[in-house]
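Attaching a single structure in structure tokens format; questions to follow.
Lettered A, B, C, D, E and F in written order, each chain numbered from 1.
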Amino acid sequence: MDKQAFGWRKIEELAGEQGIKSMKAVEEFSPRLAKLALEFGYGDVYADDSLTMQQRALITLSSLITQGDAGRGLHYHFRAALNIGLEKAQILELINHCSAYAGFPKAIHALHIFKEVLEQAEQKK
Amino acid sequence: MDKQAFGWRKIEELAGEQGIKSMKAVEEFSPRLAKLALEFGYGDVYADDSLTMQQRALITLSSLITQGDAGRGLHYHFRAALNIGLEKAQILELINHCSAYAGFPKAIHALHIFKEVLEQAEQKK
Amino acid sequence: MDKQAFGWRKIEELAGEQGIKSMKAVEEFSPRLAKLALEFGYGDVYADDSLTMQQRALITLSSLITQGDAGRGLHYHFRAALNIGLEKAQILELINHCSAYAGFPKAIHALHIFKEVLEQAEQKK
Amino acid sequence: MDKQAFGWRKIEELAGEQGIKSMKAVEEFSPRLAKLALEFGYGDVYADDSLTMQQRALITLSSLITQGDAGRGLHYHFRAALNIGLEKAQILELINHCSAYAGFPKAIHALHIFKEVLEQAEQKK
Amino acid sequence: MDKQAFGWRKIEELAGEQGIKSMKAVEEFSPRLAKLALEFGYGDVYADDSLTMQQRALITLSSLITQGDAGRGLHYHFRAALNIGLEKAQILELINHCSAYAGFPKAIHALHIFKEVLEQAEQKK
Amino acid sequence: MDKQAFGWRKIEELAGEQGIKSMKAVEEFSPRLAKLALEFGYGDVYADDSLTMQQRALITLSSLITQGDAGRGLHYHFRAALNIGLEKAQILELINHCSAYAGFPKAIHALHIFKEVLEQAEQKK
């Protein structure tokens, strides 16, 4: 399987149909950024077994919380973390842990976004 | 066991004698910062079983790499990550993963610090 | 008085009923993050007289402006700064000062949020 | 011509009437921040020919993408970059370039804001 | 008095002869950056009485701690804060306060730099 | 030519023999990070003609200054910027420009690193 195909499959695994749609939107507007994200971001980076998908999700979320992601990235990756089996309690504790390393304002900002993600997931059921 | 005692024990678990020494140095200069770090940073934050010590180490390191820690924090927590059983290959892959989420300059900066940590560990043997 | 009670009192002093409500919302969704914020963030940190509440407000706001807080933290702490007696002119000058140390984009972003806070305060009267 | 007049002219060159309006709004609320932005930010900084306006726009946008600007700064300076003649393809490639140096989440956040700016520009025609 | 002269005087007030020397070094290598720093950074920004010099020092230090300043800025402004009369206990508490808003790694990094500044000041006596 | 070969050529163009050596050192310690940096960072990102090498250098440096790179990245990319023909005056003005967008402390930190780079280049002649 080539890198792009592998990238699309990883997106589906992480973020389901909503993830596919959202990368398709990137691709329509900027085919080259989508290509870079697919081949490198998903295709290459995730193609290594030293870390599990759940470990990668913890790393990704910690990075997003720390960089003060305004919302889009956190939304996407909180959903992804749930999709690949992290439990709500683990994600809440990740946010708690970040309060000590990145400060409370970023932890509380992340908490509100995670709450929205859970509420939206609830409505879909 | 009170929070401070629990905090000291966590530091020993994470960073061994070197960690104890380094917190004692903080305590000598700023007793209150040491108290806050021990009771909250170690005592409270680590006192929850939703995440394992290894998961916490991944989260901490991702936060430090992303915030562009100049060196002290990364040194301390790379050593800690090895102490609690993360393998070299896992830590290298954490750095790779961060290249996509926090950019290459921060990943390569972290790589050099991790290399120093491993070389120092080697010399002690 | 225990730390949590002290924490709640500090929140009331800083942010009034709105502050209490907003921490109650955090508590409902993540009791442990609320506990950490109350006991450590408010209970411990503010329980020291080396700095006045107004000095702490300047430090908090400078940190939030510099970390590029997306909005929630700045809203809360601009209101708090007014509550504990900082004048509008002082807060405006804090923003001016930050333009030199954190750059104009963050200063102007903060200015717009402060403007909203003042307009909302005006409407309540 | 004095610095303020020069500053206003630069704003017009960069951001047209919309830019003038937006600085007037800053001026109404905080005359001193507007003065600092006009005299220093526009008047002094842009008054040097070592870099062209297009080179400055690339530098400004890279800084805003990297600092994770929540939106206002990126909106303003994407419009400005188009006004002074950078092409859509160049701006898209600037975003691609930043994905490697500041990470994908910031690049994709910037992409969505740039898309909004182009859609708004389209509607005005 | 013109802005540059005012700027030099502010530097002397903040950072004494060492401050003058350090800005002269900037001026020799980059006259224009020194001019911008003097006229805007010191001349304009500090020329307003809404905030005292001590309040400005708290704001500056909080910004530097939060942005993870690698060392040069923190060294300079810790010395300056002592020069203009902030006490050691106040600066230590500023660092404690920042642990909650910007995280422990940045607070502990700042603590070590502050310790160096005090040790150097001690040696000069 | 495959991506890796293209990547190595780009490194040579940007950073000469010193650049090759430094990537070889990364490769020895972490073959996978070197592969990602070569194939994606250099191979893919630089393989597009919408921006010139000089424009890319301005974008890279602005990102590094803004993210507060502790030193390694700025050293490498200041040298690279000179290698591909940016003039000293242009790089100094880039730093000046960043003072307004990322604040003076980061600009002055970058200035000192650029000075070191020029002094080392002088010594080699």
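For the reader, a short list of remarks on this structure follows.
As a convention for this text, a contact is a pair of C-beta atoms (placed from the backbone, for glycine too) under 8 Å apart; a residue touches a chain by one contact, two chains touch by 3 or more.
For each chain, UniProt lists the protein as follows: A, B, C, D, E, F = 4-carboxymuconolactone decarboxylase.
What you are looking at is a predicted structure, and each value in this text was computed from that prediction instead of being measured.
The chains that touch both chain B and chain E are A, C, D, F.
Between chain B and chain F, the least number of touch steps comes to 1.
For B-E, the matching interface among the pairs C-D, B-D or C-F, defined by over half of the contact pairs being the same residue numbers, is C-D.
Taking the mean of C-alpha positions as each chain's centre, the chain lying farthest from the centre of chain E is A. Because chain B and chain D carry the same sequence, their contact can be compared by residue number, and over half of the numbers here are used by both. Taking the mean of the C-alpha atoms as each chain's centre, chain D and chain E sit 29 Å apart. With each centre defined as the average position of its C-alpha atoms, the distance from chain A to chain B rounds to 24 Å. Among all residues of chain A, those that touch two or more other chains are 32, 36, 40-41, 45, 48, 63-64, 67-68, 70, 92-93, 96, 99-105.
Shown here, the protein chains touch in all possible pairs. Note for the complex: chain C touches chain F at residues 100-105.
Residue ranges on chain E touching chain C, taken from their complex, read 40-41, 45, 48, 50-51, 55-56, 58-67, 87, 89-90, 92-94, 96-102. If you check the complex, the residues on chain B that touch chain C are 32, 36, 39-40, 44-45, 48.
By the touch criterion given at the top, residues 26, 29-30, 32-33, 36-37, 41, 63-64, 67-70, 72-73 of chain A touch chain D in their complex. Residues of chain C that touch chain D in their complex: 68, 70-71, 92-93, 95-96, 99, 103-109, 111-112, 115.
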